[in-house]
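Both of the next two complexes hold chain A, though its partner changes from chain B to chain C.
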Partner chain A sequence: MKAGTRTGLVALLLLWSLGPMLWQLYTSLRTPEALLAGAGGLAGGWTLANYGAVLGSDPPFWRYLLNSTVVGALSTLLTLALAIPCAYALSRRGGLLRLLVGGGLLAAAVFPYVLLFLALLQVARQLGLANNLLALCLPYAGLQLPLAVLLLQAAFAELPPELEESALLEGFSLWQRLRWILLPLMGPAVVSTGLLVFLFSWNEFPIALTWISRSELLTLAPAMARIAGSSVYTVPYGAFAAATVLGSVPLLALLLLFQRQIVAGLTQGAIKG
Partner chain B sequence: MTHTSDPATATATAKEHTTATSLRLEGLCRRIGGRPILDGINLEVAAGECLALLGPSGCGKSTVLRVIAGLDPCDGGRILLDGRDISQQKPARRRVAMVFQSYALYPHLSVERNLSLGMELRGVDPEQRERELAAVLELLQLSALRRRRPSELSGGQRQRVALARALLRKPQLMLLDEPMSNLDAQLREELRPQLRTILCGGRAPAIYVTHDQQEAMGIADRIAVLQEGRLQQCGTPQELYQHPANLFVAGFIGRPQINLLPQGDGTVVGIRPEHLRAVDEGGLAVRVRSREWHGASQLLLLESAQGPLRWTCDGNQTLGDDLRLGWERRHEHRFEQASGERC
Partner chain C sequence: MSALLLMAPALLLLLVVFVWPLLDYAWLSLQAQSVFTGLEAVPVGTLNWQRLLVDGRFWQDAWQTLRFAAVSVALELVAGLAIALLLHQRWRGRGVVRGLALLPWALPTTVMALGWRWIFNDPYGPINGLLQLLGLATLPFLAAPELAWLATVVADVWKTTPFVALLLLAGLQMIPDDLYEAFALEGGTPWQGLWRITLPLLRPYIFIVLLFRLAQALGVFDLIAVLTGGGPASSTESLALYAYLNAMRFLDFGYSATVMLGMFLLLLAGAGGLLLWRRQTDAPQEVRP
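Coming up: the complex of A and B.
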């Protein structure tokens, strides 16, 4: 392939995936008039008022960001705390048991969770978990557990067994082997699995919508839906776009922070160390 | 930090690490899916002795180590360390150290941490930790490398770190699984005497697994030959060479390989290539097929009425293509053809 063609293809792909985001950014910085007038020129019509409106509303937008961050972080920690021991045990088991449990986990991981949300709502009502922000972690961690166990199990299985055997003969306990030998070597896998869980809980809509009704407890997804539907007569494009941009900033920061681990996690097993 | 500058003192310190013990295997068995991998192994290794387990690949020699260490279950028999049966003990409690073929160094830790982490988690106090670390680094000439990661070390250096870590465990038994197979031939030869000094002379018994008979003979006090999960013979290198117990050992030990001549009366005569002599009359009529030069000697591949023969003779000898060969009676090994046992 010629260098020119390659550059062109890469540019096209970038435009395809980044286009919608750039459009949101553009929309968030325009006045309603400029947006509706269409091709009125780029000279005028720029504003930060949309951000002001979103941040100044009641409750302010940062409240939703905080709620989502708390739920996301707790779900991630809970999932990892449960998934790491499960994955370890599964990777150290052979034969039929691993096949059956692995198959069951795979089935659970690919099951469309949207079908569950009515049943989950019943559960929340029965247990009095409605309008409890932290309770959201329970379904989130539960739903992401199968995938997390499968990913981490593969990562455990990839570590050479002699490493753990060597630690075992040195007298390390199970916990010490995990803490000092296995987990430090699984950094990339743990980080990318954790990020997947965090992203899921950040984006999750149906459960958050049905479990939470008090506006100061809303997470990002239902809060944005509220902004979009706040007026019967107009669609607040600008405010909605500003909320989207603000909602993606923490994710972007997170991805940049863990960039190296994510790439290493995704390509794990591709090359022998 | 105390530096031991005298290597002899360092060796002595390392030797104090171990207590004098002996190992005894009684009818050791290991089965996988009903198939015997180890079939009643009996062995004894004295304190301070280094025993080589020698055999072709797949003969079960690594499995012996894994069962002794407790990494694989023991399906029968007993493992007696100083008279105490450890066959059902947890691996961590057996006080057995193992050097793996791949070295199994912790890749995320520096040499220093690789060595001290175990002591730290076993609760050795910091002062003693530092003292023992310095002694073993000195002994294995690793002091300059203590801050490096395993990936920044050469094969020989990694092997020394693995050995150092095993010594710091102060094991009652030292197990080495082909520790030199990842090194090039020259380095192997250089390291052999060093390894021998450290292993034989310690107070714990050592078992050294290898498929290389040169290495086994160079390092071990005694060699145990294993084939298909069974112990074929155990003895000093000379014993194995001069009195092979059966056809397998005769054929396995010694290069170039022994000549085996079926006699027609149900026995096989074995005669080493270097024991053949050219004779004027009598003996065996042979014809030269090809020659290999080995410097001081030459190896002739011959054809006879009783099958092909190998003959090692003086490299300067000029020979015709048709010869007669004989040998002295005392160099002859005689085996039963059916059982393979020595007569």
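Coming up: the complex of A and C.
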């Protein structure tokens, strides 16, 4: 392919991928009058008032970002704490157990989880977990366990068995072997798995929507849907756009910082899954 | 024995999150639990299932969901392959472009669905702005059934093509370069190489992409809930959204569970068909580099 053609195609790809977000950025900085006057104008009418409106509302928008971050971080920790021992055991076993558990995990990883929300909501009601932000970690960890275990067990399987055998001869306990020998070598796999779990938990919608009703406890995804459904913000969407920009910036930062790890996590999943 | 002990906490949570709900639906689908029963569960036998069989909205939504999933995933495969081929070549700045191209996939679906709602706005969105600039009439993207459907497909393709491209890119990286070199020496063109080498060797990856994407697209919920709300006149409504509305808006929990389970059975049948198709097409011609 000629370099010129390629540059053109890359530009097209970036325009397609980033265009809608750039349009949100543009919209968020325009006054309502400027937006009504016609799309794409550049003269006059620039403002930061939309951001002021979103950040000054009750509860302020940063509250949703904070809630999503807390839930995302805790879900990631819980998932890893449960998935690492399970993945280790799975990678050290052969035969029927591995076939059964592995097959079940793959089926669960593909399963469209939105089907589960009604029953999970009943669990939440029975256990008194509704409107409990931290309780969201339980379904999130459960839903992400299949993918996490599959990714981590592939990473465990790649470590040479001699490593563990010599540690066993030295009298290391299981916990010591995991903590001091195996996990330090699995850094990249743990980080990329954790990032995928974090992204899922940060973005999750149907469960957060049904478990949480108090507005100061909402995570980002249902908060966006509520903003979309409310008439507090009127057309044109200056304030909407400011909210989408604020909701995207943390993920853009995460993506640029950890691009390599996220890509590695996804492609690992493809090869091993 | 200690292996089972290590796996126990994870497996326990998996049972609670995946198996228990399905059993719960199986029980609930045999009950009436709605405002008419005072939200108490009353056994009604197979009444909910009989209703499902003749529920026009369920089958209409099943067809709409299938059409949405088939068209979106087909477009995503083609676009994703093109992007993967582009990102597979060596050029400066490739790493940054890979990261930026992944942005649509990483954003919360509700965030981007809200963004697309504004882009499709009539008459103030940029697409209608462009149409007006060209002297054409604006289009009511979210108010006309066919256009609203098109809007959901465009937004879904925008959001998930990066994921498809990335998985296919992983597959491209497993194909050794000398295969193409040998093929070129024998006089094959790059276009022929795509059909004779790339696509056959990419098969296992295409299968995984199809599996993940079809399952996700058939369960589509967030995107439609925010972009069109299932409208106009439930013409873009998906099965998952219908099940959600049955529970949360019509407060008919027994029937909502039946809809979920009905959808689950349809998915199971689809997955079985896909596996059978893979076994039939893959067996004779598995090529390993």
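We take it that the second predicted complex is superposed on the first by the 247 of 273 C-alpha atoms of A that agree within 3 Å, B and C clash if a C-alpha of one lies under 4 Å from a C-alpha of the other, contacts with A are read in each partner's own complex, and residues count from 1 in each chain.
Following the convention adopted for this analysis, contacts are C-beta pairs under 8 Å (C-beta built on N, C-alpha and C of every residue); 3 or more make two chains touch, one makes a residue touch a chain.
All values reported here derive from a predicted model rather than from experimental measurement.
Shared-chain residue A:Thr210: touches chain C; no touch with chain B. Of the two partner chains, chain C is the only one that A:Trp202 touches; chain B does not reach it.
Look at A:Ser17: by the touch rule set out above, it reaches chain C but stays clear of chain B. More chain A residues lie in contact with C than with the other chain of the pair chain B and chain C. When the two complexes are overlaid on their common chain A, residue A:Gln176 makes contact with chain B while staying clear of chain C. When the shared chain is aligned, chain B comes close enough to touch A:Ser166, but chain C does not. Looking at the shared chain after the overlay, A:Ala157 reaches neither chain B nor chain C. Of the two partner chains placed by the overlay, neither chain B nor chain C lies in contact with A:Ala53. In the superposition on the C-alpha atoms of chain A, the part of chain A touched by chain B in one complex and by chain C in the other spans residues 273.
Within the complex formed with chain A, the chain C residues making contact are 2-4, 6-7, 9-11, 13-14, 16-18, 20-22, 24-25, 28, 83, 86, 89, 91, 95-104, 106-119, 121, 124-126, 128-130, 132-133, 158, 162-163, 166-167, 169-171, 173-174, 205, 208-209, 211-212, 215-216, 218-219, 221-222, 225-226, 240, 243-244, 247-248, 253, 256-257, 260, 263-264, 267, 271. Contact residues on chain A toward chain B in their complex (touch as defined above): 160, 162-163, 165-173, 176, 180-181, 184-185, 273.
Those residues of chain A lying in contact with chain C across their complex are 1, 3, 6, 9-10, 13-14, 16-18, 20-21, 23-24, 27, 35-36, 38-40, 82-83, 85-86, 88-90, 92-93, 97, 101, 104, 108, 110-123, 138-139, 141-143, 145-146, 149, 174, 199, 202-203, 205-206, 210, 220-222, 224-225, 227-228, 235-237, 240-241, 243-244, 247-248, 251-252, 254-256, 259-260, 262-263, 266-267, 269-271, 273. The touching residues of chain B, when paired with chain A in their complex, are 69, 71, 91-94, 96-98, 100, 102, 104, 106-108, 117-118, 121-122, 151, 165, 169.
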